[in-house]
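First up is the structure itself, then whatever we jot down about it.
To keep things simple, chains are lettered A, B, C and D as they appear, and every chain counts its residues starting from 1.
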Amino acid sequence: MAAGFWNKMLNLDRRWVYLVIGAATFFPMLTVIRLPIKITPEVQSVYDRLESLPRGTIIMLPMEYSPDTMAELQPMAKAVLRHCFSRGIKVITTALQIQGVLLIEQDLRTVAAEFDKTYGEDYVFLGYKPYPDIVILNMGENFRKPFPKDYYNNNLDELPMMAGVNNYSNVDCIVNINATSGVDSWINNANGRYGAPLALGVTAVIATDYYAFLQSKQIFGLMGGLKGAAEYEKLIGRPKDIANRAMTSVSVAHIFIIIFIIIGNIAFFATRKRI
Amino acid sequence: MRREVPLVIVFICGAFMALQYFVPHNISAVIYQNALNWTIIIGIFTLAVGIGSLVNLHYDKISRRKEKWPYSLVTIGALVFMTVLGLSSPEAVQDPRGLFMKMYFYVLSPVQATMFSLLAFFIASAAYRAFRAKTVLATLLLASAVIVMLGRIPVGDALTAWMPEGTRISDLARYILDYPNTAAKRAIYIGVGLGVAATSLKIILGVERTWLGGGK
Amino acid sequence: MIQPGKKIPMFAIVTLLSVLSAYIAQAQPPHSHMTFVDPDSVFVFKYSSLAPQPGPPENLAAADSPNDAGGAISISWSKAPGDNTIFNSVDGYLLYRSASLDDGFSFLTRLPAGSTGYSDSDPDLKNGENFYYQVAALYGRDTLYAETAGPAVPGAQLFHTKRILVLLFMALFSGTALYLINLAKRGGTLYVRPIPGIDAVDDAIGRATEMGRPILFVPGLGEASRVATIAAFTILARVAKKVAEYQTRIIVPNYDPVVMTICQEVVKEAYSSAGRPDDYDPKDVYFVTQDQFPYTASVNGTMLREKPATNFYMGMFYAESLVLAETGFVSGSVQIAGTDQLIQIPFFVAACDYTLMGEELYAASAYLSQEPQQLGTLKAQDWGKIMAITLMLIGSIVYLFDSGAGEALKNWVIGG
Amino acid sequence: MEQISLGTLIWMTVAAFLTLSIFSFLYRDNPFYRFAEHLIVGISAGYWIAILYHTSLTDLWIEPLVDSVSAFGAAGGSIPAKIGILLANLTPGVIGCLMFTRFFKSKAWISRWPIAYYLGISAGVALPLYIQSFVIRQVAANMFNPVIIYNTIVSDLSTLYYYGNSMMGIWTGIGDIIILLGCVCGLAYFYFSAEHTGVLGAAAKIGIWTLMIGFGATFGYTVMARISLLIGRFNFLIDWVSALGNYFNL
């Protein structure tokens, strides 16, 4: 009897599971429950570094995400941008992943408009060039080598902010928001070869891989996925932003997946004994 | 000519770039910078060839009326449309009100984003139907996965609120990420580093030639 | 290698339990840390009579920055009196530069208190020319100048001294690799331990024969030139040969047309070498589509229709890994996976009976093919690992004798 | 929510239709899904061409080339120098164009030259950098000071005994030992030159356990990544529905 039940459960059509997880993600989005977010030291240290910079300091904020990973990294990128702009930190941005160029340009433009920032004085968008590892190396020599012109076809020398800014040694640090394994190029090429201080904001899929580089101090901070974004939003005092709102759905969906794993295993072992 | 020239090119470029790393002198730096820019320019053409192959593939399907060829018509049509749109003027790709941008934000983006979001369903289904603690190792893996899952969500700490502060599930998850996870990933990364170094060496010295493909 | 059906050893449970109990044992909340310096007292110290007499920074030195292409000079000095967290009496430093001692100095930059150095890489710094520097400490309205330093001459270097260990390691590793590859080519024996998964392959094929069901081999989504795909070909050759011997059937759905051509060759060759060239059916090694999810859907359909006894997933896999492994699991197949895509390994481990993880896949391929290049590379990487472990242990041992020397060694290893 | 124009609403509806077409794959493979998928392959290739042309080809190759040609008309500068600059600007593009020989079977071998250049440069830069960042710096991070580890553990143990203090130091100390041992054992697991028996066997066993915990962490984190993507799509659908409602005053 019981075995029959578990057997049935085991062979459940996967579309029922799809339905449950869809509902578990969707319905919490309609609620207004706010869960407390705990700040982890690896996110805090990114915030602390930017917080300690004097106004007018230039940092590099290369963003490599595209529509397919936008949901995870866009909130993070916007949170870091808002932090920089609110503190008068100037930003140089690149978009080395082709699918995301227009998306990142739009995000940059929208957040800059929120803070009334002027292009060329407060921020610069270098745009896209193919082969990120090569581009990252040559930016370490001079930004003008791979990017003779910025995304909007201005000569870099015409932009007031870029005066005297040649390479990574002229920016305080690099905060790379990245959805691809191109992260390795930033570690190898920008930090390894040119010694640029580096922090990462990556998708939750690859976040765990970079704890080894955090411990070895090759990177000074690490933000992983939507949780990292939610922490950053909280740190800059915007706890009602998109990543924080999503945390309820994330929590409920996680609980359901854990329940799935547990039920699945109970069913598996309950039916296996009888064979 | 057919095999020797590429092998010589690979050797000269590779050996120069590998050794240039140790020579900070300005002459070596200037060659290095220009060699990198050349790589990007040549790379653009390589990407163009990739797109050419795609066109070839679908053209072949259409001309031979292979199975489901009308779908290939959709692909080619969309490609031509988007290319003409994008190349029509330099501002085409920059104008937020332009059709190119609209196609990107309302056609390309939603499809790509939704394709990837299917994985949420797939992972749930696999969690239910296939992820089993069959062996010691699979058990260890699933236990660590569940702890990290709980540790990363606010609810996890609420569930372990009865534990003293500093020992709740999020702290345990942090401990796993900071220590055993670091150890495991470090072992893997050292292996990856050695692997890439060995492959690069073989390519530079012409030991590894699969990229030349078959033929004479 | 993951082995099925093994009982959890007692010592594992004991270790786990003791770690857990020790973890829970620290039942007390952490006490607040003691603060040695109260911020308010700093304020008091600044104006107290205890503060040292203001004075200029000392030991100003300027020299060509090492390990660069020239055009830069490094300047260093020791902190002026009172520049510390207790007295906090210095407000900052002013830096000046001149091309000659007679011309007078021009202002360069202002640096915050606590600074002890600056790297000047102004475009004006021409290689081979002389430059002089001066630094001053700011105490409120007082500016106290140090003695001038110079001349310093920017210049380019031919060798980066901080990268010497990388060069050594690279040379040693490359030499080992070349030596071993050549050794293997000349017919020298290089031992590679048998990979447990290989035996599993044979068992699985026997099982398929008994059940009278086919074997499914998925060569992944990578191109033919990827290392993992090449390893998949080697394993396919072995599997196909066994299949031909046992006279069962093998199905190989392909994602990449080039990979398909090679798979057809491999299977055909395997059937010939087993002495059954006529049993080979080219229709069983076929091209599906080059779209990720439709490909997955099609392979899923094959699994449900044919109910293969064993599924092999070898090569490059992306997000489809868990969908394939799930369907195979539900249809009751034995599953053996092998990939170097780290992100997908966990899903294979959780849903398959055997998983060849990363380098294990290469090792299995080298072991099966006995190809000199693969063997030599694998062995060289083993030596590389020994070199890495040795370096780690040397570091820790040096610390035991002299922590200063340990720190120095570590910094030398990190390099620049 | 602000009022949006009919144009935007129509575009949003197109996007919503495509989103739902992709979701329909969950039920089964169907023509809507296939249509959306093939459409996007074409759109995305066209997008690539336009972006590559406008952002990369023009400023890296075409413009410098045009400049160096027009330099011949300008006064000043020696002719040989101008020719040199012209050649330097022309060559990479010419080498790149050799890639197109791929489409002609008899001349396809020429396309190996640009590939050789690209492979040579990438392999050359990767060789020392991977050794530096992935091997040597990771090894350096594993050089722990055993004296410090011992002292933190002992001092924390004694304060624990006397004051019931926290065990943070002990856990950090043990953690450092885990990193060193786990990494060495993990490397031992991936050591193929000897059989896994005796000490090596034990080390390999600890190694695979550590690896499994690490993979488990990746697994757990990945779940969050996938769920986030779904939330992103649901957010869009909710926006679309409320935009529809607003526009038609429902």
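Keep in mind that, in the parts below, a contact is a pair of C-beta atoms (placed from the backbone, for glycine too) under 8 Å apart; a residue touches a chain by one contact, two chains touch by 3 or more.
Values in this document were obtained by computation on a predicted structure and should not be read as measured data.
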By count of C-beta pairs in contact, the leading pair of chains: B-D
Centre-most chain [mean C-alpha coordinates]: D
Longest centre-to-centre distance from subunit C, chain (CA-based): A
Inter-centroid spacing, subunit C versus subunit B (mean Cα positions, whole Å): 16
Cα-centroid distance, subunit B relative to subunit D, in whole angstrom: 5
Chain centre separation in whole Å, for subunit D relative to subunit A (CA means): 12
Contacts with two or more other chains, residues of subunit B listed in rising order: 18, 21-22, 29, 36-37, 39-40, 43-44, 47, 90, 93, 104-105, 108-110, 112-113, 115-123, 125, 127, 129-132, 137-138, 141-142, 145-146, 148-149, 152-153, 166, 177-178, 181-182, 185-186, 188-191, 194, 197, 199, 201, 211
Touching two or more other chains - residue numbers and ranges from subunit C: 26, 28-30, 163, 166-167, 170, 173, 293, 326, 330, 342-343, 346-347, 349-350, 358-359, 384-385, 388
Overlap residues in subunit A, where contacts from two or more other chains coincide: 10, 14, 18, 22, 25, 68-71, 99, 129-130, 134, 137, 146, 151, 153, 193, 204-205, 208-209, 212, 215-216, 227, 250, 253-254, 257
Touch-based graph of the chains, sorted into line, ring, star, complete or other: complete
Subunit C residues touching subunit D - in the complex, by the definition given at the top: 25-26, 28-31, 163, 165-167, 169-170, 173, 191-195, 291, 293-294, 297, 342-343, 345-347, 349-350, 357-360, 363, 366-367, 378-379, 382, 384-385, 388-389, 391-392, 395-396, 399-400, 403, 406-407, 409-410, 413-415
Of all residues in subunit B, those that touch subunit C in their complex: 18, 21-26, 28-29, 57, 115-116, 118-119, 122-123, 125-126, 129-132, 134-139, 141-142, 145, 163-167, 172, 188, 190-191, 194-195, 197-199, 201-202, 205, 207-208, 210-211
List of subunit C residues in touch with subunit B within their complex: 2-6, 8-9, 12, 23-24, 26-30, 67-71, 127, 156-160, 163, 166-167, 170, 173-174, 177-178, 181, 225, 227, 230, 290, 293, 319, 322-323, 325-326, 329-330, 342, 346-347, 349-351, 353, 358-359, 362, 373, 377, 380-381, 384-385, 388
Of subunit C, residues touching subunit A in the complex: 119, 121, 326, 330, 342-343, 416
Subunit D to subunit B touching residues, read off their complex: 11-12, 14-16, 18-19, 22-23, 25-26, 34-57, 60-61, 88, 91-93, 95-97, 99-100, 102-103, 109, 111-131, 133-135, 138-139, 141-142, 166, 168, 171, 174-176, 178-187, 189-190, 207-217, 219-224, 226-227, 229-230, 232-233, 236
